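One structure coming up, written as structure tokens, with questions to follow.
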Amino acid sequence: MNSYLLSLLIFLPLLTGAVLLTLPRRFTAFAKGAALVIASLEFLLSLWLWVQVQPQGGYQLVQKLSWIPFMNINYHVGIDGISLFLVLLTTLFTLLALVYAWHQIENNGGRFFSLVLLLEAGMLGTVLALDLVVFYLFWELMLIPMFFMIGIWGGARRIPTVTKFVIYTMSGSLVLLISILFLGSAYHSQTGNWSFDLTILTQLQLPVSPLVDLLFFGFALAFLIKLPLFPLHTWLPDTYTEAPPVVTFLLAGVMAKMGVYGLIRITIPLFPGAMERWSILLSTLAIIGIVYGAIVALGQIELKRLIAYSSLSHMSLIALGVFNWNPTSLEGVVYHMLNHAVATGALFLLIGIVEKKYGTTQIKELGGVAKQAPVFAALFLLMSFASIGVPGLNGFVGEFLILLGVASSSASLAILAALTLILSAAYMLWLTQRFLFGALNVPAGRLLSIERLQMASLIPLCLLAILMGLYTRPFMQYIGPAVQDVISRNQTQLQAQAEGDHHG
Amino acid sequence: METSIYFFILATLAVVSGLITITRSHPLSATLSLVVTLIAVAGLYALLSADFLFVIQILVYAGAILALMVFVIMLLNVSPQEMPPEPGIKTRVALTLLFLSPFFFLVERAIMLQYRSQSTDFLPISTDFGTIQAVGQLLYRDYYFSFEIISVLLLVALVGVVALAKRRA
Amino acid sequence: MDKLMLFIPYLPLALAILFGISQLLMQVFIPAQNRRWLTYIALLEMSALSLVTILAYLSRAQIKDMPPGMQNVALANYQFLDGFALFFYLLLIAASFVTLLISAHYLERENMPRGEYYSLIFFALAGMMVLVSAQHLMTLFIGLEIMSMSTYILVGYQRENPRSNEAAFKYFMLGSLASALLLYGIALTYGVVGSLDMSAIQSFYQTHPIGPLGSMGLILILAGLGFKVGAVPFHTWTPDAYQGAPMPITGFMATAVKAAVFALLIKLLGEPFVILRAYWVELIVLLSALTMITGNLLALVQTNIKRMLAYSSIVHTGYLLMGVSALSIQPDSQIRSALLYYLFIYVISTLGVFVALTHLSGRGEKIQEIEDFSGLATDYPFTAAALALFMFSFIGVPPLGGFFAKYFLFSEVLRLQDPLLQGLAIFAILNSILSIAYYLRLVVTIYFKPVNAIWKQAESRPVSISFLLLVTGLITIWTGFAPFNLLGIIPGLTPLINWLQAIVV
Amino acid sequence: MHTEHATTTLAISLQSNWLLSMVVLLPFLGALLLGLLTLSQVKNEQGPSEKLVGLLGTAFPALAAILALFLFAQQLSQGELVWHHTLASWLETSRFSIDFAFMMDHLSGLMAVMITFIGTLIHIFSIAYMHGDRGFARYFTYLNLFLGSMLLLILSDNLVGLFMGWEGVGVCSFLLIGFWFDDPAKAGAGTKAFVVNRIGDFGFILGIIFLFWNTQHFDYTGIQSAIQNLSPTQINTIAFLLLVGALGKSAQIPLHVWLPDAMAGPTPVSALIHAATMVTAGVYLIARMHFLYELSPSVSMLIVLIGSLTAFVAATIALVQTDIKKVLAYSTVSQLGYMFMGVGAGAYAAGIFHVFTHAFFKAALFLGAGAVIHCLHHEQSLLKMGGLRKKMPVTHAVMLISCLAIAGIPPLAGFFSKDEILLALWDKGLFVFWTLGLLTAGLTAFYMFRLYYLTFAGDYRGESEVSTEPFLMKLPLGLLAIGAALAGLLGLPGSYNWISGWLAPAVGAHHPTASPTVMGGLMLISVAFAGVGIGIARSRYKNFALPYTAPTGPLANMLQNKYGFDLLYENVIVEPLRKLGRFGWTIADRLLIDGAITAGTWVYRVLGLSLKQLQFGNLRAYAHYLIFGVFMLAYLYFMRHMPEVFRL
Amino acid sequence: MPGLIHYLTVSALLFFIGMAGFIARKNIFIMFLSVELMLNAINLSFIAFSRHLNQLDGHIFVFFVIAIAASEAAISLALVILLYKNRQTLNVDDFNEMKG
């Protein structure tokens, strides 16, 4: 039962992106147009996918092809209620990014657009892969376009930043690689065959040993870096600040979610026992991240860096939800991934406009922007509210569910995590107070206005922020069963392991 | 008994002249003392019934190769001032030998241990052992391939010398 | 007819030697203004060589059909029947071909004579073939010497360049010392085993324990070969020789020479000495670990691209040694194919890098500092992309060949479930993390730094360079998407071989 | 009989319960329309036409008021009727689902009517007050949004809905306080209000969450039915957490600091949000969760303690304020303290009663103040007023009634509700708090009449021309004054107390045990206190003339500094946090984490550089390494496998 | 009677003397001679083993080694001439342009 839909989704941007990349510079306009068309097609395709996928647990639209037979590596992709929304998020964000970047990226835009398509392919592949090797392949594929996009189109300090970013991420990846191989070899020693299939490896019975715990961390590290979890986060503020806004939009909006996704899809299903053993430590780090990110955001004097640290705080909350691993928190996590993407993404896009028009993002050089650009201010304020979890907007749903879920496993963690309510309001509103309100204070002769295409990329996000805050059903009806399924499989494995230990 | 004396003399000669070789400051005297070593070693070959190689060693090695070296030294005509200044050669060689002595000791112990439990006295052998005929038979029967390709090595050396030292247009 | 068939296994080797001599002769007889023909002929000869190699391989069935006595004669001291040898022959021929092609460009630019150069490459190739196929330690040693000698001379081929002199001198002197050590090891082995035939050694050690003298022999052999592959602490010649040698020869050393010696190492440790695995494995692990870390540490602080690549090749030696340490008697072990695959990818990527560098370094190889490559991508997008591709392949980014090379190698190493090797694998991964820094630095320099003025006076790229970059680049990508099993034969070529077989028989 | 009754109820609710949802939705709809209107006209310097906006902006609240009144009337006639309507599902997860569901029982009905009624009046007032402001349309958008959120808060049938409304009003409050955002101080006041409220919400949401995990319910009925199974610790924890929320919203100590600053917003906003409706949400919450607090005497005591402290402290601060709105703000805080005392003492109905009466007289006071400010062209200082009795007779009348009402002079509204609360305290034997309440009542009377005399008596001390209040101001003022005068009649002491009976189904019955004599005595005492307060104020401020000498001495300083709460928070919490944020990351991120990594790379480099020194180009050195390497290999090998080599 | 061990010892001694010469001396020429010394030591081992094992293969190997030594000598002499011509020095320590 093979469906080619997912493969189409992955390979369409991959191939077109690769082809467009090789076009000489004089085809820039064509490349941009073609990329936009492909991105739109992708989005439509993913919308159709939304219709196709049934709201039930387990993988659907599965495709499995033998790829490297002697190592039993298969091209294995599938989708479920969790990955569905990450696919939608990816395709939507890619489209919006391209629309936004149409005028924003001036130098060598064709290359940029093709790189975005490649990035999209990488992200889609990561989300849809069910074989660890395939997953790893796409996981790394995400990084390369990102590397070039930041390195070529980034800010003044782009070189040290991009180096830091890549070395951080690749270190995690390589540790992931060796861990995959360790797990594969463990499977090989138990069965005499190779397998890197996620659905098979999750049934592997691993003993309780420090080695397995080490392996667990090997599997988690790459994702925790991408996430990022305190103290692995220092690449984030630099990168978010130096990258072009549209890249930060993709980075914060989609790519960071891949870390969470990796934890949910790979690390924890493979090592449910180790997750239980280490959840206290990891949760503590997440809590530190929440509070630390928020406090540091409070002290920032630059817009992008402030939002970057707020992103750290939010992502730590999501991580906390993952580490507490119960249906409610997990549903919240999946939902909040989307929320955070929408809110933070939109904020970065807005800041991109500020950077372009005012030529500065230093808060002290800006003030009273609402006076000059009321629409901009309205959007910024709306997204700030979404970001701090005001009910009626999307952020609240996720935050509420995560807190609810966390509370069911630990009251004290929930109390600490709920501090985000206070702190996020503090830094975000203080920002709006200084940046949007007060007396007009902008670089002389500059005027802030949102161009039509930029507006076109922002409007969907605003609508989503409101829609997702009020009408959760189209999302929740898919997320719920998928999360249930993931959790119940985990439970089964834990029980089997407990029995195994009992007998052993 | 006789063999023992010969062995002792030749071995001493070889080692001593070897030491002299590496402590001479001028290459020419070093080369000449190397000739002595080579001849002494050739003598040891003879003691080991390697008749053919005894001849080869003296003719080819001590004769041809070293003659070539002497020739080159003369050709370059390096004056003693141009020689690298090496004060205290002997001390340095002695220190180096000291530095290498653990390694030597290791090899020596390995040899000793290897033959700890078995006799290392040489057994009697057939009369044609080591003769040209016997060696040649073996060379062309079992080692014809190696023999063929060693010619390539010599050719490479030839080409190399041309490539490195020939005057270019 | 039958007797002629006996000659078949030697055919590639014989032709390689013959072609080398032919180049020498043509050098003399072809007038100076037509010397360009030497290049074309050499390339033609190299192509013929690959074809002959395949044909010879295909006719192995006929040899197997021969009576045992004749077979022995045909195969004494020399074995060219298995996929292992075929793989290396073709790989070495390919590397030599690329070297020839870029050398043509290079020699013309540097105004250097061709004849001896080409013939030395052929002779080196012949030596490598011997190395790969030899069944006897003495034969093998001779092959090694042929290869080494040719390489020494090629390194010093730029006689007017003091660096080239110095490189050749250092390489040669240390090479002689290492050869002496290796030979001493062979001598000791001979004394213990009573034969230098590989199968004899194997069967001897199956029944006899390794004594102290045999151990010493083994250690000295390992050290000698360690020198040739550039394992730490025997690596010291590598950066100097790489830096001083003409660029194409640097590539040749980093690819063909290294591959040939690894072929030997795989063969020696995989066949005659495999039974002694417990004795040598720790040494190899130690060498491997030292090699990786030292190479990495030194590669990071280099500013000269040739030296950086030299240390990078040392790091890859470390990884390969890790694979060698996993050679075992397990029947289903695929470590050999993993090693071969790694070598294949490494050779192809490295060749690609040197193709690009030969072109970019300019007359007199003036451009050697990494910083000189700033902003290359703006005016040389294709070359820059190729270089970036190879760097990413070295790092092991999927879906490039380098990734699967690492993947198979590590998976085979880990499969033994040996704690020592597991530890080494982890160490190796940590090392690859370190290695990101300097590979990335080149890419960053090429793409993100402001354009260096020298790239503005763009020199047009010869077709041969473009072609080679394209081919090596495509192979690097292709091997990532469709990695294949190299055990026994190059399966990528299987259909082709089947077809040829049908024609021949 | 009973069945029949129930059937009719059901029938009616089936027919018209969707109207309940409409009550909530209408203001939201208005906000949406106005919002789009605002955005569409953003380029236009003038903004959308004031008439259209005013009409639309008032129509929706008015319609909601009519609907609410209609439903409430049904309730009045039907007795036990509880309206219920589920509008839509909001969140369905695998463990629970939450709906946008509304419930209108006697409590929320009363509140809804009051809110929509007062809200409409204030909308009307605002048309006049905001005339000519550039943000006219924006203002009405926010106001409608606020009303919708407030109704959602009141009418939701579950805690999550309540919380959404709760936060929604917080946002609107933020937007409206900072309405004139060009002034950094005003924008800052909005931020402060929201953040302080968030501290409360922090507790609130945790309370909701813990309540859910212990009862598996979000809706009130479900929670009420499951509450019995909880342990006292759980009950106390949850009650405390919910209380934190209430403290924030209702500006009780220690979270009261935001309310005085909130006066930065337009005055009608202060009337609506920061006096009549939003700030009483905390009281509503406690009354709504009365079944919880009834089970938790210790937290109830805490409420009384906080309430009485707040009432007293705020009243004392109000003594020295010279800004008309600040006086009213502290008075609001103080009155909210009363309400807390009431609900803390278990007299939920009395608390709500005070909410109800307070809404009228405080709204009237604020609007009156608004009218004054409007007519004095945004002059807020009491020192620059005076003698307005003649110039603004309507406002003066309204203000006088309201001041009397708040001072607790019978038969005006404040007297009865305050008395109920004091009675409840007396009844419970909480004499200390009763005394505090009484003192506060005296203080209230004093500072309110201080305000009154400074504004209306004597001569005009300002410079600017005094204009007259337009009709659109007089109308709401008049209506509110009527409310302020008569609302108290709903809760006459003793058995005539209608409101107590009305609320009994929702918040439980509370029957004072004190004898009529005692009740009478208590009333007399409180009236006496109020009278004394008024008397002192009259003697001191009737003929006030400049210059004003601010009171000095340690006590006065303390009052001027508002007991130092703001300074304390600023210096102990806010500034250190900002400093931490400003510099903390350079230490943690740059120094520690990046520093560790940099140190790592540095070590890596230094190792590389030192190895580079070993590779110094000398052939002999290389040869040494080579030989030493071989030796080490051999040595290790023999040590490991054949140590006998080393034994001589 | 001197046995295998004695010959091997002499051989080892010569080998290490050669090695010492190689690493202790700065004169390129003498370093070459030291290599020759080492090769001779190895040859002696081969022949001793050959005698001990009573087979002639060792002799063949020595034969080959002499050939190899000859070609090495040729190359080395060519190199010496080249280096001396270019740099006018036989001091090995002078060749350190490339390092690091």
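The chains carry the letters A, B, C, D and E, assigned in the order they are written, with residues numbered from 1 in each.
As a convention for this text, a contact is a pair of C-beta atoms (placed from the backbone, for glycine too) under 8 Å apart; a residue touches a chain by one contact, two chains touch by 3 or more.
All values reported here derive from a predicted model rather than from experimental measurement.
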Intersection of contact partners for subunit D and subunit E: B, C
Most central chain, judged by mean C-alpha position against the global CA mean: A
Pair of chains ranked first by number of touching C-beta pairs: B-E
Most distant chain from subunit E, judged by the mean position of its C-alpha atoms: D
Centroid comparison with subunit C (C-alpha atoms), farthest chain: D
Centre-to-centre distance between subunit C and subunit B (centres being mean Cα positions), rounded to whole Å: 32
Inter-centroid spacing, subunit B versus subunit A (mean Cα positions, whole Å): 71
Subunit A and subunit C, separation of their C-alpha mean positions in angstrom: 43
Intercentroid distance (Cα basis), subunit D paired with subunit C, Å: 78
Subunit C: positions in contact with at least two other chains: 138, 142, 145, 149, 152-153, 156, 159, 168-170, 173, 177, 212, 215-216, 239-240, 298, 301, 437
Residues within subunit A bordering two or more other chains: none
Residue list for subunit B, restricted to those that touch at least two other chains: 100, 103, 106-107, 109-111, 113, 142-143, 146, 150, 153, 156-157, 160, 164
Interchain contacts (touch definition) - all pairs: A-C, A-D, B-C, B-D, B-E, C-D, C-E, D-E
Complex contacts: residues of subunit E adjacent to subunit B: 1-10, 12-21, 23-27, 29-30, 32-34, 36-37, 40, 43-44, 47-48, 50-52, 54, 56-57, 59-60, 62-64, 66-75, 77-82, 84, 88-94
For the subunit C and subunit D complex, residues of the former touching the latter: 169-170, 173-174, 177-178, 181, 212, 215-216, 219-220, 222-223, 227, 232-234, 236-237, 239-240, 279, 282-283, 286-287, 294, 297-301, 434, 437
Subunit B-facing residues of subunit D, complex: 627, 630-631, 634-635, 638, 642, 644-646
List of subunit D residues in touch with subunit C within their complex: 601, 604-605, 607-609, 611-612, 615, 617, 619, 621-623, 625-630, 632-634, 636-638, 640-642, 645
For the subunit D and subunit E complex, residues of the former touching the latter: 612, 615-620, 623-624, 627
